[in-house]
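So, here's a batch of structures to check.
Look at the two complexes coming up: chain A is in both, with chain B in one and chain C in the other.
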Partner chain A sequence: MNEKHTPVYINGIGIVSPQKPLRAEGLLTEPVSYHASQLRCPDPGYKEYIPAELIRRMGRIIRMGVTASKICLKDAMIRYSPEHENPINPQAIITGTGLGCIEDTEKFLTSMIKNNEEFLTPTSFIQSTHNTVAGQIALLLKCHSYNFTYVQRGNSFESALIDAITQMKTGEFGNVLVGGFDELTQHSFAIMNRMGFWKRKPIDNLQLLNDHQRGTVAGEGAAFMFLEKQKHSGSYACLRGVEIFHKPASNNDLRHRLNKFLARHDLTEKEIGFTLLGFSGDTATDHFYHELIKSFPENSGFGYFKHLCGEYHTASSFASGLAALIMKSQSIPEIVRLQSAEKNSAPEYILIYNHFRGANHSFTLLSRP
Partner chain B sequence: MEELIEKLKKEVIEQLNLEDLSPDDINPDSPLFGEGLGLDSIDALELIVLLEKNYGIKIEDPKDGKKIFFSIRSMAEYITENKK
Partner chain C sequence: MSKKIFVTGIGIICAIGNNVQETLSSLVGSRWGIGEITLLNTILKGVVPIAEVKLSTTELLDLSGNSGRKDLTRTTLLGMIAASEAMASAGIQEIGKYRTGFISATTVGGMDRSENFYKEFLANPSKGKLIDVINHDCGDSTERIARHIGITDFVTTVSTACSSSVNALIFGSNLIKTGQLDRVIVGGTDSATRFTLNGFNTLMILDKTGCHPFDENRAGLTLGEGAAYLVLESEEIVLKEEKSVLAEVSGYGNANDAYHQTASSPDGTGAWMAMSKALEMSRLSLSEIDYINVHGTGTQNNDLSEGIAIERLFGDRVPRFSSTKAFTGHTLGASGAIEAVISILSIVNNMIFPNLNFRTQMKELKIKPVTELLTNIPVKRVLSNSFGFGGNNSAVVFSKPDDNSAPTEHNGLTPELLI
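Now for the complex of A and B:
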């Protein structure tokens, strides 16, 4: 299979994040600032997207995921059912999540403990599985096609992307709705806090990299992309390729992997106009990003995104959506830039390099459509 | 009875997460399933658990469910007759 010769276009984007709705026009001109240890998504108006009789059973992550998917389909101008006549539904729904519907899982387990394993109610149990979001999207759309959810820690979204790209390149599907999502709950925050994931004191999220405590700021969100083989006038970007890997053995290994990844797309570091890095402000794991920067020529452009969405297993889905929006707007928002790299404001290629807790690493490459 | 009906309305709203409804919106004589509140089979399971957990009442014969859960009033009457 030759990754280079079957383009996959990003033709729709839907993001629910701690930021205001993201669009190519006026992208992040008013970034939302929080003084907190965790960034949560405000209600974007779920009731606009989900029927009232269904929304009452849905936890926050299901609402976030379903809403992001519907924003995405609308953006891609897909005439999905049941809201359109002669509907055309996605040929596949592929999602990735690190913790799934953790709020419902917590409810179910808490109820088991509190009631001595009696009086168990069905709703939170039914909704607690990792594939609930993809399932609910399919039920809402009456879409009976391929439906798959990847759960692979910090590479969950990338695994979904790899499946989508592979199946499109092998001709299995002409289009795929692909997404990543994770939610923050007080329990999961507290447990990960004990493990030293988060900063001990609240910080100003927009000053994430200026805070020198260990840990990072917790986040959440849902981001969906509609991928198609055909390029449209409204296409955001071309998704060139994705690679995942576990804990690089050394700095050299990391640079070598980057070099090989780019070479597979006939590229070198100097042709990458802009690299979006997963800097989280955690002094224990940000060194990977500093190392990768050394691979690029001096005038290369770099940006970061976790000050906008926080850290979570599928934060890379936010990054992919953001990179595609940057590609379409052909300008890099000031709040995203790591260095003032004016000359790279209209990049031909954008590379995303992210890792979760130093363990699950990924490269994602986008180009102009 | 009226006091129990008001209490039940609140419990049903909470248990079924009927977030757009207040107790005043529920007519105690309206059907809970189909028309009326439009509840479904998953809600029926939630209501069975509610009766057992909050009132210690176990429904032994599932056929009785249709009559017991017809409305808030029929639930209240069943609780009054069977509460231990």
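Now for the complex of A and C:
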């Protein structure tokens, strides 16, 4: 497939994160700092987006996911006049999540174990399936379109993007609502803590890379993008391509993969003005990012994002939304920059390189719309 | 987009057989796989039946060549066994020769062991063996199965409840059509767990006597477990390697019912849309479908909604149809792939397998399922349905390969060897 010639535009963004609402204007000028081992999303104002009687029944991840999708679709509607009455009905809803509705899963599991399989109620079981968020979005929109959920650890959101791009390029869909989400629960935090995922002592999240404990800071969030074939004045960026791969065999292998990925888009490293890297502050796995940096010429710009959202399986969905906002705002927020070099001018291309615990790696390429 | 997708290998393990031959033998012999719970440690033992794979986890370790390992879940082991059989069935030896992907589906992932972990963990958060929970997420089983069969190029997991593995087939087919992969192993795996058994029990949709799909007096589903995989290859590979072909993937459709989180709509909108899309892509007329392997769980809601959707789509000329869930139980994320394998066995053998346990015509429907094994009837095109929670509905059409394309002869997939 020729990856070069069928553009896919990012025309709407909706992000629920531990940060304040992200907008192109004044992007991350007031980053929220936490002294914690985990970054959780404050209530983004669910009531504005979901009927109150439904909010009560929904698990947190469903609230976060549905809200992010609504913010995204509302954002995509901005180009229409306020009188425009037909809401957007996506031609596809494609989502990715690492652990899905883990809170409801834990709830049902806990009551099943504590009550020895008796006196159980179905609500948390019903909401425990990984496709609940995508299903609820469809239900609330009355949207009968293609509906899909991927669950591949650190490549869950990327799998959703690959599906979306594939079917937009074949002409199957003119637009796609695509999103990634994961929630943090006290149980999942505690279990992953025992596995050595997180830093043992709380840290200042904005100093993530200056902390030398093993592990990273836990996070959560939901991020959606509305992809369309048509460009318009509000388009944030063009989504060029995505590639996923399992742990590279060597540093050479990693650089070779990058080179091949860029070549498929007729690009070389020197044309990538800015690369957003998934640095998590975990010394055991951050070396991949240091290696990748070596592939680029000296004046290249680099940034990072996990100090803002924490580490989770679909943190790359936050990164994609952030990269698109950077493209639109034409400047790179200070808090995102890794090196404070001149890089104030908007880059033509932004590359995202992320991995989850060194296992699931991905490249995502955006360009100016 | 004229590229054809061919099925060149299949593998299965379920309540009626540990491989394709055994499964086919049970289908031909009308031997169902539903019985009393023997492996799962649950208070529902003796209360509701189940369709278990009749091998302990230790036996599955041995069968999959993993004797002695402690880090593999039942879901992963079932998947390894079926995926290995599919690879062998397609005669794949040199994986690196073509860009090969693995797309697996599961709904419970490693829940069979998380259940044990949580028991100790809830009593004391520093207790519970981590080896029982590192496999919890759905992606874990996929990565381990992929490693087991040697696939590294492209690996991902789909989880859309009970439609998951048909969706894995849809994504895999699209990746071949767009030239991103040359071949892909697609399917799904799910083991029986107390979590799912109790979940369906709270919804009061477990039939205490074993499921009766499309029967007026049906009282729910029967939980099953298993795994099945299909090897899909591009037309280019099939021609170049002169591979034998089991079936062609002619069309597929995915739609959302958008009616209720768990219940299907009374008019079967999502089901109708998924079937319509699959038929449209296949460019076949309604009359060209010889058989429908229906989702047919045996719940009041599904069978009525699906039946209405089928009557709405096919009118007075509804093809022969049956639910094979009274053989295999409802295997959730694996069910779409298990029924895809059964559909392909129908095509290869010109047989239609019966809908067991049917006694009484549903009063809302005009149609009734095939209840006896039909042999020596032409089965050229089969529609297979898979529907799930979240309104996720999918359908796929398989066709007998054209006479002028590759030969259909495939060793070991005909029941003559058994009878």
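Here is the rule we use: the second predicted complex is superposed on the first by the 356 of 369 C-alpha atoms of A that agree within 3 Å, B and C clash if a C-alpha of one lies under 4 Å from a C-alpha of the other, contacts with A are read in each partner's own complex, and residues count from 1 in each chain.
The working rule: a residue touches a chain if its C-beta (ideal position, glycine included) is under 8 Å from a C-beta of that chain, and two chains touch if they have at least 3 such contacts.
Since the model is a prediction, treat every value here as computed from it, not as a measurement.
Student: Which term applies to chain B and chain C once both are placed on chain A by superposition, clash or fit?
Tutor: Fit: chain B and chain C sit side by side once superposed on chain A.
Student: Return first, second, both or neither, reflecting whether A:R56 touches chain B, chain C, both chains, or no partner chain.
Tutor: Once the two structures are laid over each other on A, A:R56 reaches chain B alone.
Student: For A:Q152, decide between first (touching chain B), second (touching chain C), both and neither.
Tutor: A:Q152 contacts chain C only, not chain B.
Student: When both complexes are superposed, which of chain B and chain C contacts more residues belonging to chain A?
Tutor: It is C that touches the greater number of chain A residues.
Student: Report for A:T110: first if it touches chain B alone, second if chain C alone, otherwise both or neither.
Tutor: Once the two structures are laid over each other on A, A:T110 reaches chain C alone.
Student: Please work out whether A:I71 is in contact with chain B alone, chain C alone, both, or neither, and reply first, second, both or neither.
Tutor: Neither partner.
Student: Could you say whether A:L22 touches chain B, chain C, both of them, or neither, answering first, second, both or neither?
Tutor: Neither chain B nor chain C is touched by A:L22.
Student: Is A:P122 touching the first partner chain B, the second partner chain C, both, or neither of them?
Tutor: After superposing on A, A:P122 lies in contact with both chain B and chain C.
Student: Once chain A of both complexes is superposed, is A:H144 in touch with chain B (first), chain C (second), both, or neither?
Tutor: Second partner only, chain C.
Student: Report, in whole Å, the shortest distance between any C-alpha atom of chain B and any C-alpha atom of chain C after the two complexes are superposed.
Tutor: 8
Student: Could you list which residues of chain A make contact with chain B in one structure and with chain C in the other?
Tutor: 118, 120-122, 126
Student: Mind pulling up the chain B residues that touch chain A in the complex?
Tutor: So the residues of chain B in touch with chain A come to 15-20, 38, 42, 45-46, 49, 52-53.
Student: So in the complex, which bits of chain A are touching chain C?
Tutor: 1, 93, 98-100, 105-106, 108-110, 112-114, 116-118, 120-122, 125-132, 134-136, 138-139, 141-153, 155-156, 159, 163, 166-167, 169-170, 187, 190-191, 194-195, 244, 246, 313, 359-360
Student: Considering the complex alone, what residue numbers of chain A touch chain B?
Tutor: Listed in rising order, the residues are 52-53, 56-57, 115, 118-123, 126.
Student: Quick check: in the complex, which residue numbers of chain C touch chain A?
Tutor: 1, 42-44, 107, 109, 114-115, 118-119, 121-122, 125-126, 130, 133-134, 136-140, 142-143, 152, 154-161, 167, 171, 174-175, 177-180, 194-195, 198-199, 201-203, 254-262, 269-270, 273, 388-392
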